[in-house]
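What follows is one structure encoded as structure tokens, with my remarks underneath.
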């Protein structure tokens, strides 16, 4: 076996991640120079065929496009993807639900992550608990998913309501949407951690990527026509 | 006009409160000796005909009963009431809703306060958002009230759901029910302050009394057969 | 009955809100594109005749004015209103009190909200507790209102003082005015939640809209002739 | 269809939960009288055949045993179970890992929950990151599970290390083990939310039950023969 | 000059404090054994003629009384004093004001400290801002003092109101009186730090001693005849 | 007696402040338009002869200079003063001490405030506890003052050290100097509130004005050649 | 090489720690049964010849004494030690300094840890910054140490003062001594982290053990003859 | 002996620091004008031959270069150094480890500080716990150092893992790398303070300088030949 990482001096790229963890390493773009993103990206693409850069910017996109013309910039998700060789498709559908339109960037980051890693996605937007009939109207679509990602800011109550309606795992993403005593998403985070809806699990504020990664680990468990 | 307060040395009892504020002063029992409660209570009863002691204890009840045999101990509400002369009845009904059975002490404190100050109360218990059909089933009773007090711990999502169903003022009471990251009711408090349900107002954690007092100020505004 | 919401893809506009909650849905402008504001606004105006956009900006105003030339920009309140058909007038007057001139943007947001939803408003500014005679001088105007909205930053003591002077419901709005240990309005928020003035209820920091909405729910309870 | 809840006056028992959510309602024992536990428990057992009471005490156990002699008290997990009719078995194994022996009560609560709901459990204890070779030695057992629950206090680093070793979903449970700046589990909670190990999801502090419930929702997705 | 401290092994008693700081060292009783209090107390009494032990207990009192029969136990103030030789009298009067009867222990600690260090004290109790006329009625007594100590819990608004009425230095003491979002006095502390009443200075929560010490440093500045 | 305030519509200027509180109202410049500053300033100058605007900016200075050519801009203190008629001189000297050069803006705000209100000031800079000999070298100058204002950021330890060296009142001002876990001055604030140096009182973070105002209230108590 | 840990079922004892880390594993006694302490203790003593149990209790001591009669109970340090074979002596001396007598339990835990691991200790108590001459008087003893552990509560200023006097590494231990806004040691912790004294490093609140362990790692670097 | 500090009016430069503390005073550049940096820098360079300015900027560099052409700007470390006369070399090597590439600015600040004060540095980057094999692969290089500085953001788990692998002192630096519930480095800070890896000490968030200074104090203890 070759060395399980590539030492670029400023980074030790973990090329063994897919074998160990099922998915390749993902680049956290924030604070990296375009050159660093390209250098790490090349190593990862050669190994895995797909690349995801989260918290990316357009300058990184331009630099990456020079080497990989199919590099794709997802503006609202602030994410970059390159797909040289599609990742194996997972069974099932992952629902990506959000409470309001302001939560869309986080939901988009989740959707981009899910799709680059071979998942089908069903999006439902603007179903906050202030008009719970909008949520109830979507119950069948929710139940038809294998996993549900639920993004919400302000008081973060949506995951509780979803968890009380369906029998599927709910991964809650607090968003920094709100003001005043929302404290940058803290209110939503605490609300979700204290959810009276059993089985809700939570990721960091605005962490659409993390929620999607966790959901993809679950759909990998599903067997039959192409599963893990 | 006589002096607008009675100076007992250890306390200046505000006997002018009813004239100014519409309701008499209420004794916060915590940390007061039985003797202090009795001394202040006598002044207030003479002036107002009714007395409410919140955060009270049974020792205070025994002391007060010696002078006022009809003093009543509300165990779960930890409240004491004496009613020498009933307070004028208000129009309307105040709904007192709570998310779970653990919120009952707070809901009881609200109900005791409402009743001593002449309000009709409708109680609905255990309608948390994890089973939102229980809440929807109660929609007509909710809408029939003039004001709604909604007590909830954990993520405190119930007031948002109630506010989205009805057209009446919702006063939210976070309770200290929960553990871990509920931080003694802080999660519920933040959730309620950030409610996406428009028009929700909030009182302090476990402050059933304050919610009831605010509700009673609203029903005082209602006219006709006996109003303010 | 038609569908109780309109699905615009990026939003599910709650057209049933007035029936359920007494007032139409309001657009939270922050983070929405001018196009999104216009699209949602059209649906809401068609249904309700009036429109309120809070946390709006001038670009949204320009876009909205193209379709609705009477759209009005309230600069200090950062709010947009369109009034095609005036909302039914409520009985009573809502007092909007603020502690200092720096609290005016929040008080303005409250006033704009109240007026678009048919309420009469009485404004009293700069009556902070450091010169309590200014407040006492206004006692009769305060008592003449049906509900009082009290905005204050720093230590947030004004609602307690107001609640001790009058018999009307007091809705407190902490503002982010202050520095250092005011922590963006947290000090005022905590002060108001712990108010020794009975019956004070509280909304989120800088949430003039929420306070006004709650006040309007109260004046809706007042019968067409006679008020409090 | 009959009413989807049973109204006991002090509680509205959600008898429809299994149909909607896949698992029956669970009693949160804290603050409930033995009589309340028995009354609710009877309704749930009649409907579901199994019962779980978390945050229970021995007095509740004694009361429940009078009606259900097979009621079982799990001391370290502070949980009660009654199993009149075993719940259907799930495929797969859920790993319950903990960092130190002080985390055992939380891990036990997870294990009791998993078992009453038909899951096989593999327990690995005392594999904290201060001696990471103990964890690496267990890698094959970890990878053989379908889902991993990882409980840790203090700095809560264990889930990150586990997530970096295996390809299975990791549900992290911060525990209140620690002192000083652990702030009752807050340090571990924040550590887990900020995990550099992709795909880690988090539940409330000491919430072994919640983690297990989420894990059981995942194993429910596995088909009857073959698992992952 | 002799050594400026006495080394008792477990403590280095600062016998030079009076020369440097104007007042002798004071014993913080919490966590000290009766023997330690007596040993340190003897050194300080020999040097200074007076002794103050704050956060003391009755066991310490009994031990100290064996050596100093005039040792005095101030129960509500949880303080011990011994006065072998009275401390020189200061000019002026220090006002000790408190918002409610629950703040009395803190006010008492301040008064005991002031008196052992030679200050005249004027006590005014139960003048909270919910009935501001009680405070205004006391304006002349307040203005007649040289310094004012104002203790309040809950929202801690009293110092602002006092500072707006008089021309004397106001030292604010937040107390831990309150519940819920008072967070053990934090709300009052923040309120006082953000006081809109100019010139309010603040000490630690429940620190009646510190406020009194600061006040005594101010009255020390007053010349022997005439005061303010 | 004329009305004790002037109603400018957007502000109720408290012209009675000097009579009640000993010093005129001061304008908090932040968030006020130049026009508002001028309008309020005129009222105050006519009444008091001096004017102080804190948290001011140069635009406000230019506007004020048009009416009052002697208006003075104190850049580092971000303060404006106008002195038409000098305020009566106080006895004594106020020491303004700061820990590092980064604390100078706060110390300057204190000095400007003291001087406009008739106080002599002695400035000592850069005497932090990391080189305590620099402080000890200044002991005589410190003791020669009547009151000491001590500004420090980071851990805020300087007031404790000063209080242990001298017999004069110490008013501590935490500054927002620092980074990371200084949390914008919170660490210094908490350090000062918990000072082991008896008699230290504290004002809000960066509140040089408040410290100076409190010091000026103390020097007003000093009698003889010109005192209060 | 044998297995690098011993699996006791409820614990995986890390018997390889001394080889890797230089010192044996230490038992954190809190929450362990006496039987667990004895079982783990036997494994560790057999391997290392010495044993340290921190946060221990007397019941654990009695159980351990049955097997190891020389087990020693250090009451104030709440620690247990067994020394079958003394640990190799380190060069140099570790100073253990504390601000007040209330910090002694933490200082004792540090001293017990240092001594069981072969370090000489010099103890200096009650040298808080309120009487800085007591500290300066000890400068030579401080400088004669190789490393200094400094424990302090309240504002935690002592490490800054020590670091400014000597050239040796300073390890600061915040203690939970204090009240009110000390928030259980948080004020001292923040103070130490923001120390203006360069080179101060910090451990958890009340973590005398951790400070001692770090100091022992430093003295291990000193060669066998000659010290620093 | 001459005066142990130089009074520049705006600063009292501590020229005695090297004698007392082993290293010269260092300039904290933030908030200082270029002129102030040059003035203080000249005094320190004359005394010590080397100069370090942390939190510096390029404008300060240009000003300093005018007087000292060899002044060096370390961009990523935001530090300035001048070396007129090299500082004596220390024995041993200090390892500077960081979890990810985003932590490099902090690691660089540490390395610059170490080198100007005569230390050899070994840098290892991108060895976070999500791929612990990268860290284990570096174990020999880690053990070959005398002290280890470990910088990490997010959950801050790396120091625990390092401390469990080697026998050398570990100084942990939390970085502000992360988002959401990392709260600007607070999560990493708490994680490190609660490290289960014995002997980890911690400095302020992003304080690479402080960690390096502490490490340099340790290598100063090593004798001239032979190291650890």
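Just so it is clear, A, B, C, D, E, F, G and H label the chains in written order, and each chain counts residues from 1 on its own.
Quick note on the criterion: a residue touches a chain if its C-beta (ideal position, glycine included) is under 8 Å from a C-beta of that chain, and two chains touch if they have at least 3 such contacts.
Predicted, not measured: the structure shown is a model, and the values here were computed from it.
Under the contact definition stated at the top, the chains bordering both chain C and chain H are A, F. Computed centre separation for the pair chain E/chain F is 25 angstrom, with centres defined by C-alpha atoms. Centre to centre, using the average C-alpha position, chain D and chain G are separated by 36 Å. Between chain D and chain H, the centres computed from C-alpha atoms are 44 Å apart. Multi-chain contact residues of chain B, defined as those touching 2 or more other chains: 100, 130-131, 163-165, 180-182, 186, 189, 193-194, 198, 204-205.
Touching pairs of chains, sorted by label, consist of A-B, A-C, A-D, A-H, B-C, B-D, B-E, C-E, C-F, D-G, D-H, E-F, E-G, F-G, F-H, G-H.
In the complex of the two chains, the chain B residues touching chain C come out as 20-23, 26, 92, 146, 163-169, 171, 189, 193-194, 198-205, 209-211, 213-214, 216-218, 220-224, 228. Remark: chain C residues 100-102, 104, 125-127, 130-131, 133-134, 137, 177, 179-182 touch chain F in the complex.
Per the touch definition, chain A reaches chain B in the complex via residues 99-100, 128-132, 136, 154-157, 160-161, 163-165, 178, 180-183, 186-188, 190-198.
Within the complex formed with chain B, the residues of chain D that make contact are 4-5, 9-14, 16-17, 20, 25, 28, 30-32, 36, 55, 174, 176, 184-186, 189, 204-207.
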